[in-house]
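Look for chain A in each of the two complexes below; its partner is chain B in the first and chain C in the second.
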Partner chain A sequence: MADRLTMPRTAMATVSVRAPSVDIYAPQWRNFVFVAPFLFFFTTLLIFPLLWGMWLSFHKADTFSSGDFVGLGNYVRLFHDKVFLQSVWNTFYFVLLTVPTLALIGLFLALCLNRRTRTAAVLRTLFFSSSVLSVTIVTLIWRIVFIPNVGLLSTIYGWFGATAPAFISDPSLAMIGIAIATVWWCIGLPMMLFLSALQQIPQDVYEAAALDNANRWQTLRSITLPSIKRTFILVIIIQIVLQFQLFGQAWLMTRGGPNNLTKPIVLYIYDTAFRRWDLGMGAAASEVLFILILIAAMAQYLVTRNKADQT
Partner chain B sequence: MRMKKILFAAVSAGVMMLASPGFAATELTVQRFFGACDADFGTNTDVTKAVGECGIITSLINKFNADNPDVHVSVSTVEWPGYDQLTAQFASGDAPDIVTIHESALSDYQSKGLLMPLDDLLKSVGVTPEAFTDAARNGATKDGKIYGLPIDSWTMLYHINMDLFKQAGLVNADGTPMLPKSPEELLAQAEQFKQKTGKPYFVQNLANETALYTRNLYTYLFQQDSDFFADPKHVKLNTPEAKKVVEMYKAIFDKGYTTKDLDYGGAINAFLAGDGGVQLNGTWVVGDNNAQSQTKGTALNKGGYAVYPYPQLFGGAHAQYADGHTWAVSQKDRTPEQTAAIGKFLKFFADNDFEWSRTGHLPAYKAIITSDAFKALPHRNTIAAVADLGRPLPSAVQRQFAIQDIVGEEMSAAITGQKDVDAALADMESRVNELLANI
Partner chain C sequence: MATLSIKDVRKSYGSVQVLHGVDIELEDGGFLVLLGPSGCGKSTLLNMIAGLDDTSGGDILIGGRSVVDLAPKDRNIAMVFQSYALYPTMSVERNIGFGLEMRGVDADQRKRAVDDAARLLQISHLLDRRPANLSGGQRQRVAMGRAIVRDPELFLFDEPLSNLDAKLRVEMRTEIKRLHERLGTSIVYVTHDQIEAMTLGTKVAVMKGGHIQQLADPRTIYERPANIFVASFIGSPAMNFLPGRLASSPSGVRFAANGVSVAMPAGKRQVDFDRPVILGVRPEELKAVARDEASVTGVIDVVEPTGPETMVTVQVGEQSIIARLPPRFAGRRKEPIFLAVDPASVNLFDPDSEQRIDI
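This part shows the complex of A and B:
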């Protein structure tokens, strides 16, 4: 009975006192449910293989069994291997050949095609179309261009009685040949990124420049380029990370030859781990590549951040 | 009554469905190299009409499927030699039932317990190892057991454009091509050839190639009695014998006696177009080249096509590098029906080895290599000698394909002038030994 008497009063009190508002950003364990699917795949497909790779790199392991702990043994072998050191140099050389070229040609194309005409739209599509091809098709096309005697290049040189440069087998040209195919393949993304950046520059800035009688070069140098600086850095970072992972083009066009001059780190890893079954050393090489890409990405990121803070 | 009928029909259908696996064809997965040619031979079951490795193997498998409705073989074709893929398949537990493996690569997989010993299975279908040629039997035997059904023995050959040889004056009185007997004679004949025809003596696929270089080196090391793999775990390649071979091929390259920038396909096309005198290629193109020589208007039809083993250039053993193809069976749990189906497949290939030998490969069976039918095939009188000349690396040498890559890379660097010959041989030896020491 007492309960019956007290209950309405309690209910009245509850109604009259306003409930404290819920902080939706407060940490709640049940929120974990929303990120759990992502975390599951992130952990199983990225974190676990990453750690497993590190573990393998300290073991003598082949494709079918993991053996004894060898400490830094695989890394010592790796840095005594001339082919590995060559492949590290090849990778840097390839990045050096492709990244500035991609950024500059991408920017140039974007500047040329940043207009609302039908021709520009068609050309934008054309330049981007190579990006949708698979690496197999790209290398096939470029092999047909470069192949001696019957290739497109040989045919064109043949019209003038000249011999075409051997882009697939000449030691000094092979990497350049791969870089040409890569630039042709990858030019779409930088161009699109630059185009989107260019289209975000407010038109009134250009109008003000026109009122000040700025010529086209001054406009480009003082307005356009500074406005897309962050995109430029973004393109460089993306391309460095992408081109560090060169594999398909080198494997399909030259098999890493001649004399390992076009063998990038990823191909070295593939060769060591899957063709020679030396999984431990392949894993060690993978860790080196991981650190190199991490350093490159972090360095670029830090440079960008500092410069952005200053402006 | 009607309900009863429906029930009866349903039960009957159910019983049929349950029973049907008993009538279903046993599925076998076969993985092979030798290329894809479904456009020409995808439905052909008349093996006698097929030409070349791809045509004959495709037609043979088609015929097996047609002759054996209780077995269905599904084929996946891999790019030569396909071992990267096969290794990954084994590692992921998804290996094909039957797969083409070179005798030189068998020990890699056998040593890991990935292949099934075939002695009992072959015996059950009436194929005995005594029927194999010595080369095939030795190549397929590891630790005293048969680990692959040998289908051939192959080696590299001198494929000769006789029209250009005639122009170069390199033909004997009996019409046979004049072949060199020493490195000096080889260079002299190559010079004569170049002077008279304006073309290189050799058509070689040197662009980013490793196998050709390596096979050439092994052959001429054998001919100098160099026991470079006396210890299967340690190679000796930085030797005067190896230097002689590399310097000979370097002279051929430097003096323009060979094509230089061609890949494998390019070299075949160049030889067929008459761009050089001798193509260094394997037994597998004899059938195709012979077919070309019988086609009017082709470069090989002009003056004829001849094919010979590598000439004996040094004073040692009469030998040249050889290997063989086998059908190996992956180790896995199978039903008796599946095992029996594999036995049928292997027996079929043993029975049809003559058809396979039409490719140019040497048969793996004594009865076929001595048969009149085989001897009657074109050019077999000149190349049958490789049955005795052929010599593989010792079977205990593992990772022979990886070794081939290293040897070929270093030879290529020395011959094309990217590296000093001594430095290349030193690197070749140390790299191979580093690989072998870490198996």
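This part shows the complex of A and C:
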């Protein structure tokens, strides 16, 4: 049987004269059993809520009833809501603060720690360890750092006789404070992705570059960075998708304040749907977020792909 | 172009010594082949010449200039790697010109140099492609182009043909030889393939266990191997080894074993008679003759016609030897066979030290 499987199909035809053979390319419906569990959960937990969310967004609904069809009414209300527009801007601002920072710091750490020493191994573990913490712990840690007068930051500034910036209460700094905590929390994954990409580059390419008189900067620019371009795109897309969904840090550190300046879209959805019980509008806001993430990720992908084709 | 001197070069990793005092001199424009089985230290030695690996002792001079303290880029060498080590994200043109680019050569001059090298290697039509879109042989040519364009004092080749299929390997071997004759640059070439060593080298260093077993021109290595290892490593099928004794007889000194009696050439008198020795005979030095001319008598075991010749495995006493006979050899299995040996072509080895005995 094993031999028959590796044989080209024309050869199988001649074999079948002697022994009736099974066309292994024919659809076997019993194979469906193997994918059925996945399909079941995929449909019930992902596809169905997605479609239901869309349906809800066109209806005036609260938790007790899904009421009348209102067409684009929820969307119109949404775009007239100053708080929603503020939350969209906040989310973009947050993504802009965190994603490039995560990619660059992740790359920098990976370049520094891509060696076979014990110190590098310990540091890799250390930088990754923050990723396993829950958002509650992360925000707790950073609130302790940021607490005015007694926090770690205040203490350090105090040694130099300076006043620490008020990262939680200052309207212009609050989002930056959340971004700092987020970068610290999420840096493990980009670093690991970059590390694995760096380790894919064969060592002898670097040896060839050394013989070609390339210095460290030229090697980095001409060989290392072009080789990990795909990983760079991957990291950016993953982080855009993740950071657009900011919720826990903002909720736990600032409750969206001061003055809604750190309220992200997800927090707006939560407020609208589950605190004001306006499910239809919450669903509409969810759809907007969904489309925003999709566009941002696709745009990123298309821009980098076109650029890659030109060079 | 330059000479290469390797003087008492040693290498150890911790307590493990992988190279034990290697000495090699290569003349200007020479082609040195480092030949040996895996783990013999030949690639380590090449990496030390390139500066990719540190020496643990000794000195390496290129063109009379000690290079052990120089960075790879300052040694004025170019290397062709086993895996080619092409830059995957660059076009062929930029791959070849990268070394010049890094040395600050201006674009026009670079383009000319790349075009010249590409023409020499017949890859001008590939200059816009990426390495991923090239075949193995084309990648090999690009790797060589990258080395040539630098116009170095010394080329280093690290098993450059081992990733190619058999036919391409023969083609590229010829190409490398042609290139060497055309450019006249000294070359150090690492391989475990004895055919490459024999065809390419002006000098071959056979290595084993971090020692040089023999350093000589290919012909000497083949005809006068320094020990049993060299004798068995070079040549396919391998040299036949027959244990026996040297004995004096009225007609002179003879080598005698069960079924074998070979007269030693006149003038071989410096060894003790009546001592155990191992006789080494290349398969092609054996000729099928009539019974009264025979110096080796045996029984045919296997006959393998290959086309241009016939390999015959012969049982001689308890030993099995291979003879390379003419294509239309007519013997059959179990038939007796009589073989003659040219006494001038045989080698004698000491059974204990395995070293060659010069009689």
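Keep in mind that, in the parts below, the second predicted complex is superposed on the first by the 279 of 311 C-alpha atoms of A that agree within 3 Å, B and C clash if a C-alpha of one lies under 4 Å from a C-alpha of the other, contacts with A are read in each partner's own complex, and residues count from 1 in each chain.
Heads up, the rule we're going with is that contacts are C-beta pairs under 8 Å (C-beta built on N, C-alpha and C of every residue); 3 or more make two chains touch, one makes a residue touch a chain.
Computed from a prediction, not measured in an experiment: that's the story for all the values here.
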Fit-or-clash call for chain B and chain C when the two complexes are aligned on chain A: fit
A:R276 touches, of chain B and chain C: first, second, both or neither? first
Which superposed partner A:A214 touches (first chain B, second chain C, both, neither): second
Which of chain B and chain C A:D204 touches, first, second, both or neither: second
Partner chain(s) touched by A:D23 [first = chain B, second = chain C, both, neither]: neither
Touched partner set for A:I223, first chain B, second chain C, both or neither: second
Shortest span in Å between Cα atoms of chain B and of chain C, once chain A is used as the common reference: 51
Residue ranges of chain A in contact with chain C within the complex: 202, 204-205, 207-215, 218, 222-223, 226-227, 229
Touching residues (chain side chain B, partner chain A) in the complex: 83-84, 87-88, 90-91, 108, 112, 114, 206-210, 260-263, 266, 269-270, 275, 399, 401-402, 405, 409-410, 412-413, 416, 418-419, 427, 431, 434-435, 438-439
For the chain A and chain B complex, residues of the former touching the latter: 60, 62-65, 77, 81-83, 147-150, 166, 168-171, 254-261, 270-271, 274-278, 281
Residues on chain C engaged by chain A in the complex (per definition of touch): 50-52, 71-73, 77-79, 81-83, 85-90, 98-99, 102-103, 146, 150
